[in-house]
Amino acid sequence: MTDESPQERWQRRIEIPMFAASALFLASFTVRVLAENLPSGWYALCEAVTYASWALFVVDYAVRWVLSGEGLAFVRRHLMDAIVVVLPLLRPLRIVKIYEAVQRRHTHARLPLQARVIAYAGLSTLLLGFAGALSVYHDEHNAPDATIKTFGDAIWWTSSTVTTVGYGDMTPVTPRGRVVAVGMMVGGVALLGAVTGSFSSWLLQTFAQDEEKKPPGGTPGASDGLRP
Amino acid sequence: MTDESPQERWQRRIEIPMFAASALFLASFTVRVLAENLPSGWYALCEAVTYASWALFVVDYAVRWVLSGEGLAFVRRHLMDAIVVVLPLLRPLRIVKIYEAVQRRHTHARLPLQARVIAYAGLSTLLLGFAGALSVYHDEHNAPDATIKTFGDAIWWTSSTVTTVGYGDMTPVTPRGRVVAVGMMVGGVALLGAVTGSFSSWLLQTFAQDEEKKPPGGTPGASDGLRP
Amino acid sequence: MTDESPQERWQRRIEIPMFAASALFLASFTVRVLAENLPSGWYALCEAVTYASWALFVVDYAVRWVLSGEGLAFVRRHLMDAIVVVLPLLRPLRIVKIYEAVQRRHTHARLPLQARVIAYAGLSTLLLGFAGALSVYHDEHNAPDATIKTFGDAIWWTSSTVTTVGYGDMTPVTPRGRVVAVGMMVGGVALLGAVTGSFSSWLLQTFAQDEEKKPPGGTPGASDGLRP
Amino acid sequence: MTDESPQERWQRRIEIPMFAASALFLASFTVRVLAENLPSGWYALCEAVTYASWALFVVDYAVRWVLSGEGLAFVRRHLMDAIVVVLPLLRPLRIVKIYEAVQRRHTHARLPLQARVIAYAGLSTLLLGFAGALSVYHDEHNAPDATIKTFGDAIWWTSSTVTTVGYGDMTPVTPRGRVVAVGMMVGGVALLGAVTGSFSSWLLQTFAQDEEKKPPGGTPGASDGLRP
C-alpha cells in the first residue's frame, strides 16, 4: 500500500471529488436542457456548474499527464480520458468504474464474472443512452421538420437506436443530432454486444454446471469446492 | 433426499400448483384482453382468476422469503422472482424451468448443451414475445393514431422488434406501450443473442467433430467413448 | 465400408437422386412463380415436377423412418427432415450438405474450420433468402396495398430482413407473407449470427497466429508443423 | 531474409507503390464523384488517375499470379485480391494491412490481441462505409424519387445500414444502389460482429484479470510477469 506512485495517490484522492463533479455535470446539463422555463438565475447557476465541472475534468487530466512523466504516449494509453475531456457528457461513464470498485470491495466479488460484465456494459449503455438522448433532444426539438419533439420521444428513439431495432418513426434531422446518433449506434452495438455475449456465455456455463453436478450423485461437495 | 431444507421442500411441493397458477394467469389475461365481446360473467371470472393467481405469486414469494431466513439479501439473490411479483405477465417464463426439469429427468440430458440453451432461450423468447404482444395490444389498439390495431398486428410488430429488424411500419404510440416495447427490445437482444451464440458455437463444434472423426480412420470407437 | 446399416446404404444411394429432386423442385417452383406468361402446357409441367419432387421427399422420409426401426423418436431426432417434408421449399438447404461432402472429399478439408462454417451458414442464408423471396413475392405481388411488387423488390426486402437491417420501405402485408417473413427473420438472425461469430473467431485466431509466428524468429517450422 | 521467394520479394517491393495507388484511386474517385463543378481539365485528370490506378491493380495481380506458378488455385486462394480487381473501390481495405504491418513493427505489438482485431475490423468498416457511401451517392443523387440527395445523406444512410439499425428514412431506389447496399449490409454485419465479439471477449478477459490480481494480495509481480 505504501509503494504507490504519485499518479496512483492522486487518482485515489481525486476519485470521490471527480465522481461528485461528474454527477454535478450531468445534473446541471440535464436541468439546463430539460427545464426550459428556468428562472435566469438558476439557468446561470447551472451553466456555471457545468463549465466548472468541465474545467475540473481538464485539470484532472493535466495533473495526471504531468505526474505520469510520459509524453504523447499518455494520450494514446488514456484515450478514453482524452475523449472525455472533449466530450464531457461521456464523463459519467466513469461512474460505472466507481460502482465496480464499490461492488468489488463490498461483496468480495460474489457476482460471477459474466454478471459483472453485463452490469458494467448495461450501466454504460444506460448512461450513454441518457447522455445521447439529452444531447439529441437539445439539438433537435426546435428544428423545423423535427420528429423528436419531446424528451420522451428522445428516450424512445434512443432505445430503438441503441438496440439496433431502428424503427425510423423518429429520426434526427440536424447534422449535429446525426453525428451524436452515429456515436450512439456504434456505442450501442459494442456495449449491447458485450451484454449479449456475456449473457450467452453465462447461460452456457450455467447449463454446463447443472449437468456436471447431477451425474456424480453422492458427492456434490467435490464440484462445490471448485465453484462455490 | 432427506436432508433438504424447508425452503427446498416448499419449492418442490409448490412447483406443480404454481405451474398451474402461471398457466391460469396467462390464459385468463389472454382471454380478458383478446375476447372483447365476452359476457360480463365470464369477464368477471377471468378477472378473478387473474388476480387470484397474482395473489398466489405474492404468497409464494413471501413464504420463500420467510423460510430462507435471509433479509434483503433474498431480494437481491432472487431478483427475477421479485420482478415477476411486480410484472406477473413474466411469470410464465418460469414454465421454461419446468420444461427443463422434465426434459432432464426424462431423457437423461440427451440433447447437447447448446441445443438446451437454444431451447431454453428460444422458449423464453416465445413467451416474452407473446406476453409483450398481449400487453402492447391491450395498451395500443384503442389509442388514436395507433398503427397496432389487431392482435395479428401486435404479433407482427413483436417479431420485427424482438429480432431487432424493426421495420417501423407499426410502432407503439402510447407511453405504456413504449415502455413495454423497450423491455421487449432489451429482452429480445439478450435472448436471441444467446440463441445465436449457442447456435454458432454448436455449428463450430459439430464441424470440428466431423473433422476429428475422419482422420483416425479405423478407430472411431475412441472418440465415441468421449462423446456418446 | 461393409458394416453400414440399411439406413446408411439407402442414404448413400438416394443422395444423388434426392439432390436432383431438390434442384428440380426449386427450379420448377421458381419458374412457376416468376414466369407469369408461361404457356399452360409448360405451367402444368412445372406443377407436375413440383409435386412429383415433393412426393419423393415424402417417400424418402418414410423409407428412412421404416429402415431406422425407431418409433416417434425418429421424428424427434430428424426434426429438420420432418420440417422439409411439410415446407419443401427448405429442402434445397440440404444441397449445402452435399457441397460440404464434396468439399471434404476433394480438398482434404483445406479450408480452416471457421471458413467452412461461414461457407455453410452463408450458403444456407442464400438459399433460405432465395426461397423466402420467392414465397413472399408469390403471396404479395397481387395483394392490394402491396409494397413488394416485383421480384427485385422481394430480393431487396429479403436482404434488409435477413441482415436485420429492416428499413421498412417495403413490408409484407398479407398474413401468409408475414408468417414467411417471421421465419426468415429467425433463420436470418441464427445463420448470420453463425457467420459473424465464426468470422470473429477466425480473425482472432489469425491475429493470434501472426503473433505466435513472429517472436520465435528462427524456427517457423515448429509452428508450421502444428498448423499447416 | 535471403530465402524469400520471388513472389514475396515482389510483394515487399510493390507494397508502398500499391499503397500510393490505392490512396490515389480513392482520392481521385472521391473528387470525381463529389466535386460536381470541377473544370473539365481536372475532371479528365481525375478520370485518368482513377483508371491508371485500376490498371496498376490488374498488373500487380497478374504479376503475382505468374510468379506464384499456380494455376486457377491462385484465384481461389487470393479471392479477396480478385474481388479487388473487379471492384477497385474495395482496394483501400488493403491499406488496413499496411497499418497493421506498421503497427506491429513500431510498437512490438503492444496492443492486446482483441484491440488489434477491433482496430482492424473498425478501420475496414470505416473504409467500406466511405467507399459504399461514395458509390451509393454516385448512383442515387440524380435518380427520380431519390431520398439520398447529398453526400451527408449518404453518410447518414451508411451509418444506419452498416450498424444494422436501418431507420428507413432514406433508402436507395436504383438497382445499382441497392446492390451496393446489400454488399454493405453483409460486410457491415460481419465486420461489426467482429468488433463486437472482440470487444466482448476483451471485457471478459479484463474483468477476469482484475479478479486474478486481487486475491493473492502480496505478489502482484507474478501475474505481471505473465501479462506485462
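The chains carry the letters A, B, C and D, assigned in the order they are written, with residues numbered from 1 in each.
In the analysis below, a contact is a pair of C-beta atoms (placed from the backbone, for glycine too) under 8 Å apart; a residue touches a chain by one contact, two chains touch by 3 or more.
Not measured: the values here are computed from a predicted model.
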_Repeated interface matching A-D, over half of the contact pairs identical, chosen among A-C, C-D or B-D_ = C-D
_Are the interface residues of chain B and chain C largely the same numbers on each copy, more than half shared, or largely different?_
different
*Whole-Å gap separating chain A and chain B, where each centre is the average of the chain's CA atoms*: 29
*Between chain C and chain A, distance of the C-alpha-averaged centres to the nearest whole Å*: 41
_chain D residues counted as touching two or more neighbouring chains_ = 164-168, 193, 196-197, 201
*chain B-touching residues of chain C, taken from the complex the two chains share*: 104, 109, 113-114, 116-117, 120-121, 161, 164-168, 171, 175, 178, 181-182, 185-186, 188-190, 193-194, 196-198, 201
*Can you list the chain C residues touching chain A in their complex?*
164-168
*Within the complex, which stretch of chain A touches chain B?*
152, 156, 159-160, 163-169, 192-193, 195-197, 199-201, 203-204, 207-208, 210-211, 214
